[in-house]
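Okay, got some structures for you below.
Note that chain A is present in both complexes that follow, paired respectively with chain B and with chain C.
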Partner chain A sequence: MSVANENLVSRSGGLGKTAGIWHLHSNTINLLALLLLLLIVGRILSPTFLTAENLKIVLLAIVGTSIIAFGMTMVVISGEIDLSVAGIAVLSSIAGAMFLDTGSAFLVISVTLAVGVVLGFLNGILVVGIGIPSLIATLAMLGVARALANITSSGKAFYPDDVAGYLWFGRGDIFNIPVPIVILIVAALLSIILTKFTVFGRKLYATGGNVAAARLSGIRTWRVKITVFTICGLAAAMGGILESARLSYINPAAFPGMELRVLAVTVLGGAALIGGRGTIIGTVLASMIIGVINSLLNQMGISIYVQQVVTAFIILAVVLPGLKNRLVAK
Partner chain B sequence: MTQTTPLLEVRDLSKAFPGVQALDNVSFDLNAGEVHSLIGENGAGKSTLLSCINGLQKPTSGKIYIDGRLAAFNSPVDAIGQRLSMVHQELVLCPNLTVAENIFLGREPKGPGGLKDTARLERDASDLLAQLRVSIDPSGKLGLLSLNEQQIVEICRALAADPKVIVLDEPTASLNDDQVEHLLGIIRDLKKRGLGIVYVSHRLNEVLDISDRITVLRDGQVVATERAEGTDRGQLVSLMVGRERKPGENVYSRRELGEIVLDAQKIGNSHFRDVSFSLRKGEILGIAGLLGCQREAVVRSLFGAQKIDDGKLVVHGKIQNFRSPHDAIDNGIAFMAADRKQEGLVLNMTVADNISLTILDRLTAFGFLKRGSVLEMTRKMIDLLAIKVSAVTQHVSQLSGGNQQKVVIGKWIARKCDIIIAEDPTRGVDVGAKYEIWRAIQSLAEEGRAVILLTTELEEMMTACDRIIVMGRGRITGTFRRDEFSAETIAHRFFV
Partner chain C sequence: MTLSKHAASLRGISRIALIAGVLITGATTAHAADEPVHTVLNGLIGNYAQAARDSMTNESVKELFDKDGFRDYLDAYPVGELAGGFVWEPGMGATFTGPYSDLEIKAPFTDYLPLKEGPVLNPDKTYRIGFVFHGFNHPWLISLADTAAWEAARHPNIDIEVIDAEFDDNRMGQVIDNWVAQQYDGIVLWPAREAPMGPPVDRAIDAGIPVVSLDRRTSSQKISSEVLGNFYANGLQQGLYLKEISDGGNVIFNRKDLGSTADSIRTGAFLEVIGSEPGYEVTGNYHTKSQRTLAFQATADALQAYDDISVVYNTGGEEAMGSLDAIREANRLNSAPGGGKIIILANDDSKEVLKEVASGNVDMVAPYTPLIGDVGIRAVIQHIGAKEGLNEAPPKLIMTPNLPMITAKPMTIEGVKTVTPDNWLYAYGPAAK
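Take a look at the complex of A and B:
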């Protein structure tokens, strides 16, 4: 037995004694600490940073990425990857926008979500049914979906200003809490329940942890994978709706590079691209960390490009020690 | 042997991990032209000692001398530089490269202008292969070789660094009997050339056969260093476990056999054909054969992990053609895979997660996992099989090989399947756990379940089974009832 391997496991946090429903991985604790640190730094730099108003702005900025990242986290736990999320978000939003003329928000939203589900399902079929590696299959899906969005809309954007029900998803309030934030919380709770407390969740982690063992234990791993791709498609469509409704602007060229931002958040949250590891809580925290950093840098008047560099370095700084533990035996 | 400086000397080596003293003042030495074996149960400290010798881990205290000089290795590369090579238990080669490229990986001879000199590479490789008297094409892809041949390539790779000391960690774990014989021949050759060899194995017969001296480790301490001449298996076992115990014996019990639960009628696919046999309630049926006899393919096809193209498979009186393991499990078939790390367990999940994996759908209320039931069931299984764990939520990767195997068995007992396929259930498992595993399999049969058993060691199979069928090249070549068992006649059918 390889000693390096034993170290890997003992360092990954789940030592057993404390493990329970509320057990947090050491990675999660690190993220939580980093988030608190950033909030304190923010408070020191600016007295208005910790106000409800500012935190609302921070949260609103991360809603789309976060919700898509929940889907991505599940795909990554299953041992796959989905690079098509931005394409799905765009194409499903455009498909929904085709029905703006009817004035029915219900119809627009339903079509958008349905298209997201179908495209996600299609990803699943390409990967498990045909056996195309997910990196390639979803990269193709990204290209095709973006192209189709441009073709069907003739490259023109839509403005859902007249469909109040649609705009509500971006600008409405429920008990004084913005609708996108309510949806973010609901989506996070549902994702946590699904991954942590259901039989499906166990099957998901088993499939990503060791697909051969899972299959030989009678788990239909193909079903698990199709399901997570479908959920990810749904999440992408939902993220697309929230972002488009907030801006009141449905654009066939929207969300450039969104897949990489989502993936960055997922990885920062502790999901391992080899599968079997990752938590929704981690993804939530990672998303908030990125949001807080960007907000801080914004307030300091630092340009968006420098922000991207800083964000990248913070991801490396957080992810690297973990990687080092895995690679170097003590 | 004359009193010279030993090639390798380990003096008072200790290694502590948090909460565990893995090695406690271990001393060990190795002379030129000597095979010195290291044995002990899983967890006795063999792996830790090897990692310290080879620079993968740093000892807490103690010294290592090579050729009388103090050696401080910071990595396996340092060790190789000081002419100590290690051949790992699990093959660490690249199947996509050629044999020659693998042998000289990281040490490729450079041609003019730093280009790779394939001709010289292959010439040097054939020299090394010729020294071991094997005919392997150095320009062939490694992945196309048999496991045995790959093992030999791995040894060549160790030899390419021109070592004085070679450490062989369980080199025969996945080889069959005549491949083992071949490998032992190679080791004798190396010994004649004056190399010192540290040999680690669970197979006591070959240890006794090949060694000059044998050191027994138990709980991180050296219990004894004996000359191989004059010791026997029983003595070694009692040194290893600390008391006399005969593994695998006395576990067999005669049982009443019931009705036929599984009947294969001339089944076949691209790997095997015309395979017919039946299995009765309460019976333990062994399938014996050498590597490549395709018995693994046969049992996988019974479990729906491979397709059956020809013939009929009747399970519980119904003709079946399983499309997936899921279907087979629904029909009461269990499969304990030999390769527990690859196929049996999800290593980064807990003991409870792994044991409940086969019965997730029964432990649910409205899709939610009933955590209480999972834990309760797991505790029962841990008691039943005497699995040593610190908590039900311990990760299975932290368990010893024997306990991991018990988890694999436990997850299928939990499922209450009535046909159980067990593939090499004691692979890489120490003597004590072996006994408990055989005991568990016997009691499954006593409860009226039918068992199909595949093992690498024929001896084990003869101890455990009611009946053995022998396969060779994808076909059944013989059937033996228990009263007809004889290693010689059974092995004879391997080559038909």
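Take a look at the complex of A and C:
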């Protein structure tokens, strides 16, 4: 069993190893069951819901949010939070857009990703180096990043129509599979490997589970946290590229409220805001659940306002039982 | 102030306008070619509003019209003549570089409520004017600020302070209160929402400071002037165009926030026009919050749910671009029943949307120009002058001229001559490649 699960056990007040493993599994199983149920309901309500074309549209709709949520999940597992993801996505995209005139997709994408990495790293320094609570540090970063995006772009949007290599990330395909979906799968696999099958992953869960104990165990928790903030910055920049390339539109006012949508997916996926708990698989499933719900409600012609209520209730319905169990265990 | 109070106070004006419209439209058929587009469109608004009041025979359209309460909003929205007998013609207006956007702008209404370049009012005095709005990062709104700053810069004794309240009503209220404390000479604002800005505007008026709102309204009864847009003509023309080129079909709606003026008036006016046409069916109705991504997703999902969509109605330009992208991604541009093109109706004359009109992807756009900040500045200067006994005050309701729709090829629809993208000089925003 991993350090993560050991921490989980200690957190859950001596429920024992089986209970800890069961919790993780049960959460994933619950999410999977909910997803299947929604797909069945979708099929009953709409004959075209389970077509390959529609499933492709559902997946394309969740790509940006999912990839950013992978980064957020790691940050949350480490016991922190990152509210700056939308700001980083916007500022890094705008920074890359400054190089659209070169016609070099490589340059535009490199700059975008580099800015995301730098901003994520800065978040880590603010939180770990200076000791600012992550809620405050990343909230400040959100404001600064959005403001800088507006200042550098003079509020103007950019159109990457002439940079085919950039658009490929949003509109291209590999063996008839859309590139964003391929990137989503690759990002999910890499994130799963990183969190579940590496030493870094075990350190991550240990840091989030009990930072003092992790430190006493010789884990350099500051390094773990800076790393996850940096990964989250990279994920935000990647999400920004995919969304902007799909619409061929790099907008300094883009992604309003995305940080909360990403956080909602992360929490629905089973990540605990107190740290030490959460899985990428859970985040993937949660993201798909939200995507399926939105698509289904859109196809039924249900108002976006009702969609927000339904989504909120589903998050509560999934998260509350786990929370209750933890409270009972305490 | 609530909507119903607005309705009460403005119903009189609207009814006079409607009656005038009906009378004018009686002559429209014969003299449309000779009449200014503003008059022609007001006449059509009067006609269709009255027809919709009398009956709306399309049950699907009527159901949506009644459900969202469009009648109340439409009755409250003023329709009337231009101040000082102004007549607008295509081609009018000054050209300059926007001080904030650095984009070349041709503003259509710089001859409306005109003021000569140079010092205004008392040349020995410097007048401080506050201009508060939301959104330097929004192409429509930055253009609004551009025109306001340009007009102020034409007058050396006008000192303008421009503040972006970043869509925070409280912050806008604080900015106004601060200007009141500093005894500014005049205030111009673009309020995002009606109700929250009423009290700060009232406080400014009580302190003797003239206040002018642009485009959207406040709940203040005391406000000096309101420079109003032409939402009614937008939705009307979308309906006229659709009726002209089709006999019916399933319609998807990508709308702005429920209850916003832009959505209520544009969509309401559109429904009034098609409300007695039997062939149209409301298939999907989405509020995509002026966000391209949401409009994209809603349209993509609607395309999956329905294989017989004929029309996509969009309340704004962002929605139109989002829906177009979704239709293109799904390779469904020519998937209307019978192999026809899906008709895409848009508002907001950004350069990006105009490019798609010229390409034949978006079928028409009803212009809603942000280039009216200059009108607000001139109006507030004239209010300051009236306070000092130097000139007459401008009217409380300052209508901006109705603008004709833009189509790929020139058309004349019920007396309205459309303009082609190449001949539309007033598009805003960055050029789309």
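The working rule: the second predicted complex is superposed on the first by the 303 of 330 C-alpha atoms of A that agree within 3 Å, B and C clash if a C-alpha of one lies under 4 Å from a C-alpha of the other, contacts with A are read in each partner's own complex, and residues count from 1 in each chain.
The criterion applied here is as follows: a residue touches a chain if its C-beta (ideal position, glycine included) is under 8 Å from a C-beta of that chain, and two chains touch if they have at least 3 such contacts.
On a predicted model such as this, the values are computed, not experimentally measured, just so you know.
A.B. asks: On the A-aligned overlay, A:110 touches which partner chain: chain B = first, chain C = second, or both, or neither?
C.D. replies: neither
A.B. asks: Mind working out whether A:216 is in touch with chain B, chain C, both or neither, as first, second, both or neither?
C.D. replies: first
A.B. asks: If we overlay the two complexes on their shared chain A, which of chain B and chain C does A:102 touch? Say first, second, both or neither.
C.D. replies: Neither partner.
A.B. asks: Quick one: is A:201 in contact with chain B, with chain C, with both, or with neither? Answer first, second, both or neither.
C.D. replies: first
A.B. asks: What part of chain A is shared between its chain B contacts and its chain C contacts?
C.D. replies: Shared contact residues on chain A: none.
A.B. asks: With touch defined as at the start, can you tell me which chain A residues reach chain C in the complex?
C.D. replies: 46, 48-49, 51, 53-54, 57, 60-61, 149-150, 153-159, 161-162, 171, 243, 246-249, 251-254, 256, 294-295, 298-301, 303-305
A.B. asks: Which of the residues in chain B end up touching chain A in this complex?
C.D. replies: Of all residues in chain B, those touching chain A are 47-48, 51, 56-57, 89-90, 303, 305, 324-326, 328-330, 335, 337, 342-350, 353, 356-358, 360-361, 363-364, 367-369, 371, 390-391, 393-395, 397-398, 401, 411.
A.B. asks: Inside the complex, what are the residues of chain C that reach chain A?
C.D. replies: Contacts found on chain C: 100-103, 135-139, 142, 258, 283-289, 291-294, 296-298, 300-302, 304-305, 321-322, 325, 329-330, 352, 429-430, 432-433.
A.B. asks: Quick one: in the complex, what on chain A touches chain B?
C.D. replies: 1-6, 9-10, 12, 14-17, 19-21, 197-203, 205-206, 209-210, 212-220, 276-277, 329-330
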